[in-house]
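Some structures to go through are shown next.
Note that subunit A is present in both complexes that follow, paired respectively with subunit B and with subunit C.
And then the complex of A and B:
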């Protein structure tokens, strides 16, 4: 399934690996703008438990760039805008 | 002064290990030289044709033969050809590697670099098999192979160096056989044990580059930390189900604190995933070509690193950076685009391993201060239910035998494996409620929270509810593959009040379908 453009006023969130299993989705549109710092809370609201079970160890990217959303991360001030592509990338260790 | 003692001790240990290895190499070289000298001694004084033969055996091309050969060819001979020339590769090697050597990216120089290289492969499974096979094919001089497992039937669909006839054999020995058959010029060193904090420094020391093909978070962090401390570039990849990840880390391999060095695994994933959320290929499944692809990409990235042209001057070396900035490649077989390349940050300012604030050092491996298993959380077997909430498979078989239809009349059997596993095999009369649907089960008294559920899940929830209320006395048995998810499901059902305040018995089958196969029906499929 090709990643479709998000509807006007939205951004696309891509789920990989464990985040995709948890949400049972590979892509979902959210209303923009959203502060990067609020992203995890937004997801927790929609998928209770996801923060501890999945997101706490994930990498997050905005438009193919790694962003650091740690408590004192540099990128918490970023605003996710309309049309952006955000991805949740859990560490996968199996091989 | 006292705080230097452990550091010095570690350094001595590492140097002693290297010395031991060098002495071993020397002893072997002496043995070979002696053996060949003995052969010629027993032959006595050599005639001139025997001398030519000796030279040929030793790998040279006798002048006398050259003249004869050239004469036989009766071609005009250039003066250069008459001179004895020493070629850096054997005739067979020129033929074997010709197709890659004629590429600008490799060339003779790159081929010689590959031949001089020593690459360590951690894990000889779905990633390690293709990675080592391609590196062997490319002519990497030495391949170190680390794995403590033996080949199993369930490996064969993806671990392509291991053949059916090698089931039961240690993976490193099986892989070494496969590698030798691809390319006898490669020297294999096998380490038939799992990597640990105690053996990692000694194992990594002699190698130029490490390829992480392991299968668990603790090893991922261990390998990355050791690579940073010893200054080795690391090619890491992983795969699960239909997805894969690939990164070249600690490249360039600068000392901790040097911000121009490449990021390490901790920079990208500073916190390990919760231990109880780890999905292995055994639980989650994996497609052979997906993990194979990631392993092949690891070999490719390794070749790129190993054949990279050295900077010419010191100035160039100081300003030297890899041509590509650090990136994370994500492969997803069933989406478009299939490949995504994420641009990574440089080293994390507070990284525990590669920043100025690094706390991981060479001596922390041997001192036991680094407990990777603890860092990643030990996986405890699930033990949520009390004895009276659990039923051994044999006893449940008796329950079925007593039932009027020898199946589930008089009780309810719920199988909480995912639908695709249920479709492979299940006990007759069981109802399938996939474990993943339990997460989205609405909490009691919140009818509005069902908005996120797909209709399929809603239907299942409805059917289950019917089944549970059908007869208040009917006990409910929950079964899964191994007996872990079934316990969590029983807990969840009780939280939802399905046990009618304790009147209705709800419990699980201890050990799941694996126990059923072992204790009741050995004809039941195991996958």
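And then the complex of A and C:
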């Protein structure tokens, strides 16, 4: 699986499980930079309904670290940069 | 794909899992107890016949998570050794999808360490299970989290 390098000026977004079924993709390149707080809205525009059906129960990693998507409060959401590896992490089900 | 540390072995593999190999990895003259948990795939879910199960992972994250869990459990329960192995891809019904083997000087620590290792794996490891049912298209992405319904593929 992972992952071809994204084109210049882009980052790769990896989809797993339900997010992969919904988008019918395992990876997709998006233009950087993007605030992590805007990521779900960006996906909703491209895949109407995904926020409610899938993303509402998902976490997000940027370069293998879980990130906080809330931009309210004191912590500012991080900015996704060119070349980053971002992933949508649905509720897990190993075992 | 394997990560190792002192008396720690974690692996993700598309191959058949072997219980004796897992046991032998944790056996030690220092340990009087070895506990093995083998999770096998069931043929029904809520009474519906399961055709097959398929596991996918975010491999880099899942391996690191398994190693973190192994480290935590080894320290917390004073285990002699611990091995966590998860199978990926299609796992035919009745075969093992996960093996957890732990050893400890005495049985209490081995039981507890093995049980908690499994619970932590199920809760945290970035692995997903797709259940496909007989006579139905698509499948259901299962979620281990309490009260979280699986997501049906349209």
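Just so it is clear, the second predicted complex is superposed on the first by the 82 of 95 C-alpha atoms of A that agree within 3 Å, B and C clash if a C-alpha of one lies under 4 Å from a C-alpha of the other, contacts with A are read in each partner's own complex, and residues count from 1 in each chain.
Criterion: a contact is a pair of C-beta atoms (placed from the backbone, for glycine too) under 8 Å apart; a residue touches a chain by one contact, two chains touch by 3 or more.
These numbers were taken from a predicted model, which means no experiment stands behind them.
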If we overlay the two complexes on their shared chain A, which of subunit B and subunit C does A:54 touch? Say first, second, both or neither. both
Is A:24 touching the first partner subunit B, the second partner subunit C, both, or neither of them? first
Per the contact definition in the header, classify A:92: touching subunit B only (first), subunit C only (second), both, or neither. both
Identify the partner contact of A:79: answer first if only subunit B is touched, second if only subunit C is, both if each is, neither if none is. neither
Pick one for A:64: touches subunit B only (first), subunit C only (second), both, or neither. both
Touched partner set for A:35, first subunit B, second subunit C, both or neither: neither
Applying the document's definition of touching, compare subunit B and subunit C: which contacts more of subunit A? B
First, second, both or neither for A:16, with subunit B first and subunit C second: both
Let me check the overlay on chain A: which residues of subunit A are in contact with subunit B and also with subunit C? 1-2, 16-18, 21, 53-54, 57, 61, 64, 87, 89-95
Interfacial residue positions of subunit A with respect to subunit C in the complex: 1-2, 14, 16-18, 20-21, 53-54, 57, 61, 64, 87, 89-95
Which stretch or stretches of subunit A touch subunit B in the complex? 1-3, 16-18, 21-22, 24, 26, 46-47, 49, 52-54, 56-57, 59, 61, 64-66, 68, 70, 87, 89-95
List the residues on subunit C that touch subunit A in their complex, please. 39, 55-56, 58-62, 64, 86, 97-98, 118, 121-130, 138, 141-145, 148, 150-151, 153-154
Of all residues in subunit B, those that touch subunit A in their complex: 123, 125-128, 213-217, 219-220, 237-241, 243-245, 268-274, 277-281, 284, 286, 291, 294-295, 328, 330, 332, 334-337, 340-345, 348, 436, 439, 452, 454
